[in-house]
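Next come two complexes, and both contain subunit A; in the first it sits with subunit B, in the second with subunit C.
Up next is the complex of A and B:
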């Protein structure tokens, strides 16, 4: 069993890795390494902040989904949680609600919760791994189609939403970024504080019951928190797949499965993965930019198949 | 003491356990036996309130379980299913430590928790594999790991659901030796469901015979006869007694009434 000393080491390692990649993504650009001019520095800082925050949040949500559903394939994207959040955001944009403050992360979070509830309902009581992923994919496709339908009605205004659906860390409105990162951080801290509950939940209904847990109540609470976190992340990053799948699995290699150690390491891994993906998205075809979701999917899809075959 | 009073339980439309009445004395080991689908697992899981549909009462030391909160009930009763397949690679010590979560829900384990976890690992001979993933253990070690979690939890009542179902003779012997030493060292009430009646004869003090959701007999080990078992299982069963008083149960697959 790992000790508190291990915890501090993991925390320090996670912070060091996150800070190093944050620093790199701010200082390294097509013009070489160095502190860029003020205007570019501001944009890069905002972008790195969104990448780190959204990546960490998606990883925390992924940890919770995987643990509660005892399903190594669970992830905010594959469960349809991200698409639900994106559909909520598309609806707000459709009705012309301004992108500021808590309204976007809150709506996205609620839509994400409703989508996960629908996916689990469709998957059936057994919560079988395959059923959940198949239901998630079906709901994902339906919601993506619904968003594209909305886009088709108002082509001009919705061009930015198309880009958003494929992942975009270019959000610069401070009130939206602050509100979203604040909500994601609060949700993640809540889940982290519940680490031992999540450990017990991962043993399944009967064993967690014999550990004295109200399985239904605790599962629903954790799933709701993970969905709200996903909503907050999606409202500043768009739909980015597989970060919530890859980060917990990478972190598990170093920390094991105890959530007290796993969650901070996974959050750091998620932040690093998304910042690196964004760096690649900006620079591979420079000056042309690729949506960051394309890079994360190119990494994540083979990773998914590897986990599936294990 | 555990008491079932006019108790029924089951799922959706049907009761699996039907109106049972029985008293289970503290500090004894009971073998819960009966044919497949008799309701053995349902009876055990009813004790941890893990069955959705119930009627009647179960009391533990005079307190109705309906009036006991889940958090309190878990400090009195432990339940181990017949097998575990954790989805993630928790180490043996992490899995055992979960038992202490029932007692102390703080973010970190206390010194007392850590001591109990070490003792439980030691009692189950799991200290050498404490850092190994549970998923990498043999079936016998997995059962020991589950029992270590229960020992760390330290409840007065232990329910084991076919703990030896996947074990060969050697691992069965090792596992039940540990149960017997646990029984000798503590005053715990242990209820075990069995399909292998020889294991039951070796490990238990008393028997609860269950068929079609109803209790047919509650008897001491020396009161169990071939006739009782034959009637319970619907096939000829004989009990052979050795000179040292130990008994062996033999189902007759051919010849006699069993043919």
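Up next is the complex of A and C:
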């Protein structure tokens, strides 16, 4: 009964924080605070929606990666999952596939899954924290080089792809935004439904087996869902680092490790972090824009070092 | 004795001829615009290397050796050509140019800020290649063509070099100078040449025209459906507009007529 009350309180708190920042992103601009004219309102709404959705998705994926791999440093960006998705998207752009519907989030999700599988294979059976991160960095570098190679062949996409690799929440095509956010939401709900397994896993592999869970199957399913969510997020936001690392750690401070509470709180924290980063990216040098990935990396890299030293 | 004198004169003569040939200008062009200028003044026999992007005139790519990419040319290939002069665009070529300068090559950067500087550079290219007369004629012809282009009055323009992310050509670019010459006022006044800008700002600025050089009108309209009032200019041949070369007057003419067409379409 008590836990249910806590759950509702945390959910309400997370929702309130998310809504407040969403409202701020929409109403606060260079011209001051207030409801902007209709056309600007639509533009800001779309951008805030992309930020909230992508941030929440990256945070949910980060939660799953950190729990399944028992690695507090795991994050879609550091694991190479985001770079895999970006490489898939660069490939579609290279072949001139139109940016509409499910093709982008689906391809990005599949490429993200394949990348995580490769990183884990390279890291070896031990799944040691350092091995996984180092393999992720190596695969990241390889994929970034592959993307640069692709744009070197077709110079037309140069600016778009370079900015995409640094994060860009300016997506305004409704069909792509709907498909990506829909896929990310479905994946996040699926992961939330796996809370029982993820909780058992955080207490140890043996206990989860004693509880009668198929450890291998459940782990792979959770990793695949996290990667598909990452792919969906990347297809509208580009490669944005560290949100999936910071949000679960911040949320854990309030909720503890129970995934039933942690997952929604981390999603809200991810949404808030990304919306705030984007707010800074578009307003610091207004009317010039800084890629949002630059802001998130400036926040996230010191955070990563802090977690690493702990 | 006479035979000996004849033989030595022959050997010395051929030696001198070879020396004269070595002294001839051997140019490598690292800019499509410079390649166009060299062909336009009839100095193509002095041109020994071009980039993969030098697509005009079409025979250039067929007949001249390629040194590779615009930003990352093959230094090995350039060394093999043994140029006496390397002409480059500057922007985006920094690393390659500093390497070539360190290797002792005579590297000159032709990066005109406006039409007057372009004319000065055409004249300089003529001087370097011994085609001063042709260069002067080309400048005269371009001046004549330019004066025949009508001017647009009191209209603002936004030059989008990339639609997503939204990147513009600021007032520091040659493209902006070209638009200014036609009569447009570029709304993008920034320190950087090609900054990324906020779509919200563009909507607030409400420019009369948007010149697209990196995407189609359909693509731009799909990305920014809320920008309705600005008229779109989307030239078919972008190279004529973005390259500071001899075809720029034709490009300016195209911008002018496309602007007129867009205004007419909007009025209907």
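Assume the second predicted complex is superposed on the first by the 305 of 310 C-alpha atoms of A that agree within 3 Å, B and C clash if a C-alpha of one lies under 4 Å from a C-alpha of the other, contacts with A are read in each partner's own complex, and residues count from 1 in each chain.
Basically, a contact is a pair of C-beta atoms (placed from the backbone, for glycine too) under 8 Å apart; a residue touches a chain by one contact, two chains touch by 3 or more.
What you see is a predicted model, and the numbers here were worked out from it, not measured in a lab.
Because the two structures share subunit A, they can be overlaid on it, and in that overlay subunit B and subunit C fit beside each other without clashing.
When the shared chain is aligned, subunit B comes close enough to touch A:213, but subunit C does not.
When the two complexes are overlaid on their common chain A, residue A:173 makes contact with subunit C while staying clear of subunit B.
In the superposed pair of complexes, A:193 makes contact with subunit B only, with no contact to subunit C. Of the two partner chains placed around the shared chain by superposition, subunit C is the only one that A:152 touches, whereas subunit B remains out of contact.
Looking at the shared chain after the overlay, A:286 reaches subunit C, while subunit B stays out of its contact range. Across the superposed structures, the minimum distance from subunit B to subunit C, using CA atoms, reads 40 Å.
Against subunit C, the residues of subunit A that register as touching in their complex are 29-30, 39-40, 42-44, 152, 155-156, 159-160, 163, 168, 170-173, 282, 286-291.
On the side of subunit B, the complex with subunit A involves touching residues 45, 48-50, 70-71, 73-75, 77-81, 84, 86-91, 93-94, 97-99, 101-102, 105, 107-108, 114, 117, 130, 153. Subunit A makes touch with subunit B in their complex at residues 1, 4, 66-67, 70-72, 193, 195-197, 199-200, 202-203, 205-207, 209-214, 252, 256-258, 260.
The touching residues of subunit C, counted against subunit A in their complex, run 53, 69, 72, 161-162, 164-167, 190, 192, 195-204, 214, 222-226.
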